[in-house]
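Note that the chains take the letters A, B, C and D in the order they are written out, and that residue 1 is the start of every chain.
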């Protein structure tokens, strides 16, 4: 009889993004994407989408370069959190507890093998809207304000990694992520890996190799919209607002999600996503794409710009400047 | 050889709406519908949708009751205007020229037989956006601001009339409107009439009988959205903002348009519309619906509230109070 | 420290529908909804939607009246199945094992307190498409055939029950369903209950009281579409095909799903649904609607026909005829 | 006082396409696009979209190479037809009358200066559906069959030309087309021209220069869908059916239409289009894009394949083979 799977991570909680253009980034997330700022502390603004149930899913922090601050996952329970912390400590990549932050309780810090800073927490504060943010229907966390793009909720992160096999194995073995789709290169290495903890078909991807060898780099953070039409509408809005559109709207072959990639003014790539599929099968097989299959490109033969395969934050030269 | 049709009226130019709740009505059209205020004169605000090519398509005027101020049609040329004025003068329903108003030149005033005040003009001022309203693409009059519903352009007016046959005949004979669809009651009278001057399948409707006998009453003014999804999104926004939704979103059997009816805070009914069909056939036959066919209701059997068939502005009792 | 929740049921597996008009019902599900028939055994046809990963999600069985044959749930593992069978046996509502059916292995039969026949199984056969049903993208079970409505996957069942409290408690306590939203009547009884086992916000509902006292009656089975526009398109198709549209398309206040209800030719109510929300929070609070809140109706004030609250299959008089 | 415009051409009537793969092309238009075959005569099939009011808008003719057979325009009246024939005869490009064809009466043949064969006619047969094609709503020409893509109506043709200035001038001066948008190259020549006769913002385009000098080549024929979502759905269907997708779905900067280009099996490029804008202004200014503006590409920076700028039917080498 097979061992039952680990189900200790509930979902992606929030992402901290560093930006060298704080005010412009804040404009992008609030005025253009339509998110709400719920707190300001030190160099950081805390933002939320109207459908997020927690207080905040994006922490925007002024810094001298773009890139990921940290990526936080909510555990399914206090016991689940403790089980995962034990597994992380065993891995040698655990870093210890922090007291918490605006909106959530104690968090355990660690890094994946590639050096992306992550946190794990369980205690959270759920959003209680003030009067002017009260929704008409009580089963929605917040009023839909109909400003700009109007993203509904945080969806996933996509990271570059020098060694994708090692990172996807770590997330699976230590945290219980499930590999739903992957690219297997002709040389036997994993070229990309999509994994979930929820019943969305992915919550994290190591989407491509970090050819620069820098480590810890972010490909993108994704916010979800309700349908493809809203992704098209987002493109219309980005065009009007002068936001740099890198690729899309179009349909991925892998995972079949509908995508649109832009750079927020600080330089981080942000994805608008819809049509992420449910994966309700409790014992699904991993879909493996060969290198040849992957090279066929996107579903509708969309031509992607070269930057899509290379650009990630921080830029390698900026990391060098830090040292 | 048949006589060639009159093509002297280009399109619906603008509508003046009276409102006893000016500030709230202004909030509705600007913050909720996402229109822009381009001028304020006396008791009136002049508003435009982002796709309207003329300066303004809605004049909102403070008054002691709701209802139509006037309905203005743009002629296809100066000669066309003069031809129609001659025809109106002959009809006995012409009232004479006015000097013009914000955004357009001299206009000829008249009423339809039911007493709806109308105007005809040719000279107009086309919208030239200030810097902050400049669109990314020069083939669009104005930036799409992505605020609220985001209506694209004025579409049509729908009027009640005591005698629909008489009014639809007047619009056809004097102004060259074409009858595209109609309801013919069992007693032989016209129960409703939809007419166009453009290649949209209607620009004006006498949508139902004014059982009150008041005359000059407005059923609704319609603004167009690009697709059905945007009409659904409008309903979501009206729900959040506490705007009274009377009926829809749903699909009309007649004309097959997708509709959503609300009351703006001043009491006038406003329609959000999409999927108005093109009618490119130069010699189309009128579609006649029998009373029995009409009583089958909307396309998907949508149940309409009683108010939809009776409510129109001004209310009969208010007109009495005026006298 | 709280007890960790039961997670032994993976999802709704399939529903058996009885129909007194087998050929017409088959036409509805294949030609109108666009499902595929994958097997015929005795009086039953086995059908699937293009996105279903199991062989079949609908068993259509010729019978002398409409109604639910049985409702089957897939367990998350063999151990999970056995744990649930033990709990069902303890409840006194267990009935014993059957050998399996087309597409799945041994199943345990039981009834909820209201008498709806249910099954639980784990072993299943995943769909392997024949050549002409092979999809262009290997992460999709089957080719999208673009015939008719084109439903993607089975979504949920909605049942009437004489005693909703008793039935929702049974599903929660014996099977681990979670109550996501409910209506609580002024007299303290539960008026309706929505529960999930997946991260969709519901997988089963006891949507209303069975005032007839019959027991075991089905309100509807729902199939999911990707967006609201496809639900509107379904309504267009039902209109063309003469399928009886009872209510919608419109938006529920409870759960905020976008709905369209029709009767298949055998008399069972079928829902087209989109916009079912993800519920990723591992410790969500139940949303409780008071009787007064519920009486406000649907999100956009859509008027529902009386039949929506009373009609369910089998009809009480038919059940009497069976005796 | 300005001269009133010519309004003698009503709309694009039909296009004849030559195909060296007749059966495969027929499969594409009927099974994939969802059009109906209404007649077969000799080497030709006559097809219609469900919203076309005339009998047929596409004549598909077996031939030894792809390309345009002829392009036919319906006049607004018999007088209008005669006025245009007089103008064509004067131009020296008129060729004389033919008796008519399936679905329309006498037609006058001519070519534009680039050698594209065209026809002009007025008498037409309107579609009267047989019982199985009768729509549920009488204001629609034909039942919507919900098979495949489901195109609504013919929209426009896009032609290459060796000398765009000359061809656009011909269409304007002889036939009354209006230039709505154009590209003006740095050397002063017209790089592309979009013209309308209806209130859609274009009905014909000379979309680019024929660098091969061949003459008479077709860039594409476009069929219209109701919204962007249906263009996306078309891409999904083309992917499943193995139809070659060249570019899109994406948004043009010029005209802002939403496009998807595929090659039908015979080699002709076909466009799925939505969001063509209404142009109701009776005295619009032509929008002129400079070469630099045009080189910015599509609205959302979509990368177009090189073939989009060069490929047209017939291929130059095939025309050589004909000689």
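Quick note on the criterion: a contact is a pair of C-beta atoms (placed from the backbone, for glycine too) under 8 Å apart; a residue touches a chain by one contact, two chains touch by 3 or more.
Please read all numbers here as calculations on a predicted model, not as lab measurements.
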item: Chains contacting each of subunit A and subunit C, listed by label; value: B, D
item: Result of counting contacting C-beta pairs for A-D and A-B, higher pair; value: A-D
item: Euclidean distance of C-alpha centroids - subunit A vs subunit B, Å; value: 47
item: Averaged-CA centre spacing for the pair subunit D and subunit A, given as whole angstrom; value: 44
item: Two or more partner chains touched - positions in subunit A; value: 136-137, 227-229, 236, 239, 299
item: In the complex, subunit A residues that touch subunit C; value: 1-2, 4, 7, 10-11, 51, 53, 74-80, 126, 136-140, 153, 181, 198-200, 226-229, 253-256, 275, 277-278, 280-284, 287, 289, 293, 299
item: Residue numbers on subunit D that touch subunit A, as the complex places them; value: 227-229, 232, 235-236, 238-239, 245-246, 248-251, 258, 299-301, 303-305
item: Touching residues (chain side subunit C, partner subunit D) in the complex; value: 135-137, 143-149, 227, 229, 233, 236-237, 239-240, 242
